[in-house]
Amino acid sequence: MKSLAGKKPIPGTMVFEGRMAMKGYALNKMCFSFNKAENRDAFKADEDGYCTKYGLTDEQRDAVKKRNVLALLNLGGNIYYLAKLTGMFGLNMQDIGAQQAGISLEEFKAKLLAAGETKNG
Amino acid sequence: MKSLAGKKPIPGTMVFEGRMAMKGYALNKMCFSFNKAENRDAFKADEDGYCTKYGLTDEQRDAVKKRNVLALLNLGGNIYYLAKLTGMFGLNMQDIGAQQAGISLEEFKAKLLAAGETKNG
Amino acid sequence: MARLIGGVGSSHVPAIGNAIEQGLISDPYWAPFFDGYKPVWNWMEEKKPDVAILVYNDHGLNFFLDTMPTFAIGAAAEYQNADEGWGLKPLDPFQGDPEFSWHIIDSLIHDEFDITMCQEMLVDHGFTVPMSLMWPKQEQRDQVKVIPLCVNVVQYPFPTARRCLKLGEAIGKAVASYDKDLDVVILGTGGLSHQLDGERAGHTNREFDTEFLEKLKDEPEWLLKYSNYELAEIVGPQGVEMIMWLIMRGALGDNIRELSRNYHIPISNTAAGVILFENEAV
Amino acid sequence: MARLIGGVGSSHVPAIGNAIEQGLISDPYWAPFFDGYKPVWNWMEEKKPDVAILVYNDHGLNFFLDTMPTFAIGAAAEYQNADEGWGLKPLDPFQGDPEFSWHIIDSLIHDEFDITMCQEMLVDHGFTVPMSLMWPKQEQRDQVKVIPLCVNVVQYPFPTARRCLKLGEAIGKAVASYDKDLDVVILGTGGLSHQLDGERAGHTNREFDTEFLEKLKDEPEWLLKYSNYELAEIVGPQGVEMIMWLIMRGALGDNIRELSRNYHIPISNTAAGVILFENEAV
């Protein structure tokens, strides 16, 4: 990517550009399928078989098994598509925020509330 | 359409703008489905049932029955999508060109050859 | 002629939709957020716009990476909401104004914006949440026709902030040249600072958001000095959605007054902002 | 750095694909058409470009009216052809250059072109016919990576001729800024005059086409004085495809020589043209 070439990485932050999108295309396509209830049911019935059908790599399938959001992101997952996958595991955006930050849900919520403690601007 | 408002119609010529596209949306969507062989088979098995499934109007269904290309165009069909429908009737672009121009296929071909008769530019 | 009577900038966090659904407007967690919408509700009640141009992004309901438009505009008679996969209850369909959509598309393409035209599209929470926020009751939403404008802030490269501001200006021109007597409002949605992905998930930036809100009326160009990549660092990768507010701002022109503003952290993982501008000429 | 070594303008009538398939190159009906491609074949054999940017339009295989982009660019590793419904035999897949595609997309979006990015797309006869025409043998096509650029000339409003010329200029800049040692050719396809629909079906316009070909090298702006609606009257509604040749022309810049040109009526319902430009700096 011309615009990102030579850019310093942003600590703890993903930028979903062309290279990541290529890496994660199959993974994201699988997640996109979860907009439909019947596809969510098919996944739940046979998680790994569903992943194989979409051509996920071994690493991606392993990260799905482990519900490891950071690993999925590093393997090209996009957070908006991944949310449809993690939603099936009963994880909402705050749950996966805490998981990625490596803190408990309560700590994650407290951190957000703390950012709001100073007087509203 | 701003760009077409107040424009004089072009004799014998269709311009596929927003109004026509709205009118023909269901018809064109049906035709788009004919990229797939199984949909072509389903249409051939029950033409009118297939048209009904896609929500075509009575006029559009009648024009399909009559293989009337000018009528289909006036009802919002776009020539590229319609080509997939008329292809199933064994009609190619020259066949439907002749049909629209109201002349025989031989006359239509002769007219095109005549346009090429003058020295190549 | 159609008149752009005002514009609103607003976040579009999915949790807001649930909160409205569940009647949590006065709940202690939600009150500091919803209080900021009271002036907007009053203004909408008073002005009763006929049409809303709603600038938002799709989060993976209608568009996938196979075909990702930079700017997509709806030209349908109706827009359906649908299941996004993680439990948000779909809202009733929204009524479009296809003739007006085609006018805007036509004007924009002649002004050299390379629009993707959508005669059928699903609208996701990025669209439905602002609709619920502006018009919490179904009977209110039924009174407003909509024109969805979907912006790519999912797959880099996103449109530049400058391009968004220019698109807004061209939309202003398109509305002003439509020969029907309509009151039009434009909503710029998304943001403000938030980060959903990576170890820094939960990042917000009050200082930057506050300056953005402060400068939006008189100096919207202020945001243009940051690239989208720089913005991702400053306000989080999802905070970059704030560039969509510039489309709203650009459409309004310079003859506007700011009627209200609110800022609150957190709603879910997000710093939520709302701002209301009115066209002074109206 | 990547170099744009030349460009070709060419029709993309489906019947051409069948004629190549059936070995009709020397057939009396086809010879006056294919003879015009001999200089192109020789030039391609001599230059052996690494990458072809192929400007074309989809005719209802990959895109439908639900989502109709003005400019869509492929960013896939492979592009499949498929059944279009009326009997054209699909060709083997074409090899993409996704890294180069992303560079071009990135450069264009930063230059304020609102590109639709396609990481998966089917290519139809508008794409495959020019590929077969430039490189009739499969083993030749296997040597060239492709970047498809699909332009809306199906649903009004189409991009203006001016916008197409500007897009070409921006593509020229994008290619020149890519830091790989690649020889690139750009193909502008479609046209020339033809009309498939309406009572006037079969319309062609030799005089206008000839002037277009005559002016393309030194005065491409000549076409800009006609709106797409006016062009539909002059060259037929499908003849408007010729605006895609301006993208090719714009990309090449002004330091070019014309190596060959041919014009022939009819191929199927179409007036077919071909022109070959070479970058003088190469």
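Annotations for the structure displayed:
Going in written order, the chains are labelled A, B, C and D, and every chain counts its residues from 1.
Criterion: a residue touches a chain if its C-beta (ideal position, glycine included) is under 8 Å from a C-beta of that chain, and two chains touch if they have at least 3 such contacts.
Heads up on the chains, UniProt names are A, B = Protocatechuate 4,5-dioxygenase subunit alpha.
Here the structure is a predicted model, which is why all the values come from computation and not from measurement.
Counted by C-beta pairs in contact, the busier of B-C and A-C is A-C. Remark: subunit C and subunit D have CA centroids separated by 37 Å (rounded to whole angstrom). We define each chain's centre as the mean of its Cα atoms; on that basis subunit B and subunit C are separated by 39 Å.
Averaged C-alpha coordinates put the centre of subunit A at 24 Å from the centre of subunit C. With centres defined as mean CA coordinates, subunit B is found 46 Å away from subunit A. Shown for subunit B are the residues in touch with two or more other chains, namely 1, 3, 17-18, 21, 25.
Residue positions of subunit D touching 2 or more other chains: 65, 105-106, 110, 119-120, 155-157.
Taken chain by chain, the contacts fit none of the simple shapes, being neither an open path, a ring, a star, nor a full set of pairwise contacts. You'll find the chains touch as A-C, A-D, B-C, B-D, C-D. Per the touch definition, subunit D reaches subunit A in the complex via residues 75, 77, 98-99, 101-103, 105-107, 110, 119-120, 177.
Residues of subunit D touching subunit C in their complex: 63, 65-72, 105-106, 109-110, 112-121, 152, 155-160, 162-163, 166.
Those residues of subunit C lying in contact with subunit A across their complex are 32, 59-61, 64-66, 82-87, 154-157, 195-204, 206, 209-210, 213, 227, 229, 232-233, 236-238, 262-266, 268-269, 271. Of all residues in subunit B, only 1-3, 17-19, 21-22, 25 touch subunit C in the complex they form.
Interface residues of subunit B facing subunit D in the complex, by the touch rule stated above, are 1, 3-4, 7, 10-18, 21, 25, 28-29, 31-32, 34-37, 40, 69-70, 73, 78-81, 83-84, 86-88, 92-94, 96-98, 100-102, 108, 111-113, 115-116, 118, 120-121.
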